[in-house]
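The two complexes that follow have subunit A in common; it is paired with subunit B in the first and with subunit C in the second.
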Partner chain A sequence: MSKIFEDALNALPAHAMERAAMSLEVADRIHAILEKKGMSHRDLAQALGKSESEISKWMRGTHNFTFDTIAKINMALDAKLIYVPKARSVKQGDGRLAKSDATVIPIKPLKSATGLSDTSQQWSLYREVGNRAATVPLTLNRN
Partner chain B sequence: MPRFNVIIETLEIREYKAYNPLEEKNTYSGELKLLASINVNVQQKNIAVMIKAEVYVKGAGNSRMAPVGYIETVTVFSAVNEWKKVRLGKKQSEVDVDKELEDFLIDVSYNSTRGLLSERGKNDLIGKVVLPIIDPADIKREKGQKGGKN
Partner chain C sequence: MNKITYYSFHIEGDDLCEVEKFVTRFNIPAYKDDYENIMSVVRHMGTCTGAGEHYFRHERAAEALPPPYRSGNVRLYCSRVSPDIVILGNGCVKTAQKVQQSEDCLFHFEFMNALSRQITERIVEGDLRMFNRQLEGNLHFKIGDCYE
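Our next item is the complex of A and B:
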């Protein structure tokens, strides 16, 4: 590697390297989806209303994709280019009482305590309705 | 169920944990796990009953049960007036509480736990669960705890 090239590479901020890697991954992903669906660059260009040369430029892995572009590509390919895992999942433990040691009683949803049979009348768990004790959504269903 | 002449000396929540799910649903299904343990204080003629209750609910889209909370209560009864129902052996560990008395004490403790949970958990999902009325004889006893002497 030439000294000039090495210096230029080192001068790049870390996030620029990361961005370049992500652009390459997106280009790879588009390529894989096109291949799987039997589509060409031309098909994608037509679907997006772009020129074929622009698509080819994207596929070189140097394009800075915006969410807007990615959303349009998602629609055109009917596939998700990028998957973002849901972060708001609650990590809960396994509980304390072992099933084998404890008495286990199934509980199931309850229609409102007033005895209404319409399921749309089921009460929200967190809604405070008059007497709080009456808002219970769970009942015993011992088999 | 026969009645016994016992006095509640103390009633307390020893531990309380709530895990409120981020996803709110209108109704939940799940299960309740219950466990009781008995400890006898021979010197003071007291019987302590510990009730452990844990509620699990099914998450959205999967059948895996996740715990939403745990409560552990201790009720100490003075059993001076019913001490003849407690049989003591020669060894420290040999103490046996009459089955009917034990069930009675667990019944009182469990029903107190139902009330304590409702009050302590008023801002949590587990507090919205009214523990069902059950036969105390159905509540399993913690192994190695029954009749232990203090």
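Our next item is the complex of A and C:
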């Protein structure tokens, strides 16, 4: 590769690279959705109330998309152009525990709790941390 | 570049090939945004996506990489031979709506169009072949009356 050309590519600032990548990815995404739905640029233009030439300019990958534009394209294509991962998902529960709700806590083999005088009547669930016995707030009553 | 082999052409007697002239001319503060945008697209296509047809502006038999949509008029003329072979030419500042009225662009536009037509003819006639992201065969071109 030409040294001048290679140096020029390597000297590009990271934000310019990121901007180009994002704009091309959005253009790719629109292109893919249009193909999947059998829509043309003209169909999208009509749905957005814009000219076909303007849509073609978007497809070239250098358009600065605003949230406003993206929202309108989402509506016109009935698809999400960009997915933003949620920080955490909150699952709606029905008040009952399911198998999928199980959380596994590594607990050492059960031993009788220290300091309890009547071990025949009460059992404590605890685990050992180092040399100390750490109880969890649960007492099992033997029936 | 693992997605595209980029070529440029070297006019006999010149010190730099055409894309090197583009870099040398436009890598200055006055064209910073346009230049970085075009070169970033070149790099991203070369490393990640390949030369998707929809990334290019069609200029008759040739192509051009677009300047930013909302500002700037810099063009980089090129010939997209295939999704993994692209020939980069020189660029210009488009000063009029039609390239024929833009003195700076007309030469580069016509030069790249002439080259693209010759490449297509040679591929059709079998004088040029595409193999493993490379062009094989006769890569010497005579364009117009002055350039060989």
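FYI, the second predicted complex is superposed on the first by the 75 of 143 C-alpha atoms of A that agree within 3 Å, B and C clash if a C-alpha of one lies under 4 Å from a C-alpha of the other, contacts with A are read in each partner's own complex, and residues count from 1 in each chain.
The rule is simple: a contact is a pair of C-beta atoms (placed from the backbone, for glycine too) under 8 Å apart; a residue touches a chain by one contact, two chains touch by 3 or more.
All of these numbers come straight from a predicted model, not from anything done at the bench.
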{"item": "When both partners are placed on the shared chain, which of subunit B and subunit C touches more of subunit A", "value": "B"}
{"item": "Which of subunit B and subunit C A:5 touches, first, second, both or neither", "value": "second"}
{"item": "Which superposed partner A:74 touches (first subunit B, second subunit C, both, neither)", "value": "neither"}
{"item": "Partner chain in contact with A:94 - subunit B first, subunit C second, else both or neither", "value": "first"}
{"item": "Partner chain(s) touched by A:46 [first = subunit B, second = subunit C, both, neither]", "value": "neither"}
{"item": "Partner subunit B, residues of subunit A touching it in the complex", "value": "88-90, 92-97, 99, 101-110, 122-126, 132-133, 135-140, 142"}
{"item": "Residue numbers on subunit A that touch subunit C, as the complex places them", "value": "1-2, 4-5, 8-9, 12-13, 16-17, 19-21, 24, 27-28, 31, 57-64"}
{"item": "Touch list for subunit B against partner subunit A, complex", "value": "19, 21-22, 24-35, 52, 54-56, 66-67, 70, 118, 122, 125, 128-130, 132-134, 138-140, 142-143"}
{"item": "Residue numbers on subunit C that touch subunit A, as the complex places them", "value": "1, 6, 8, 16-17, 19-20, 23-24, 27, 36-37, 39-46, 48-49, 52, 54-57, 66-70"}
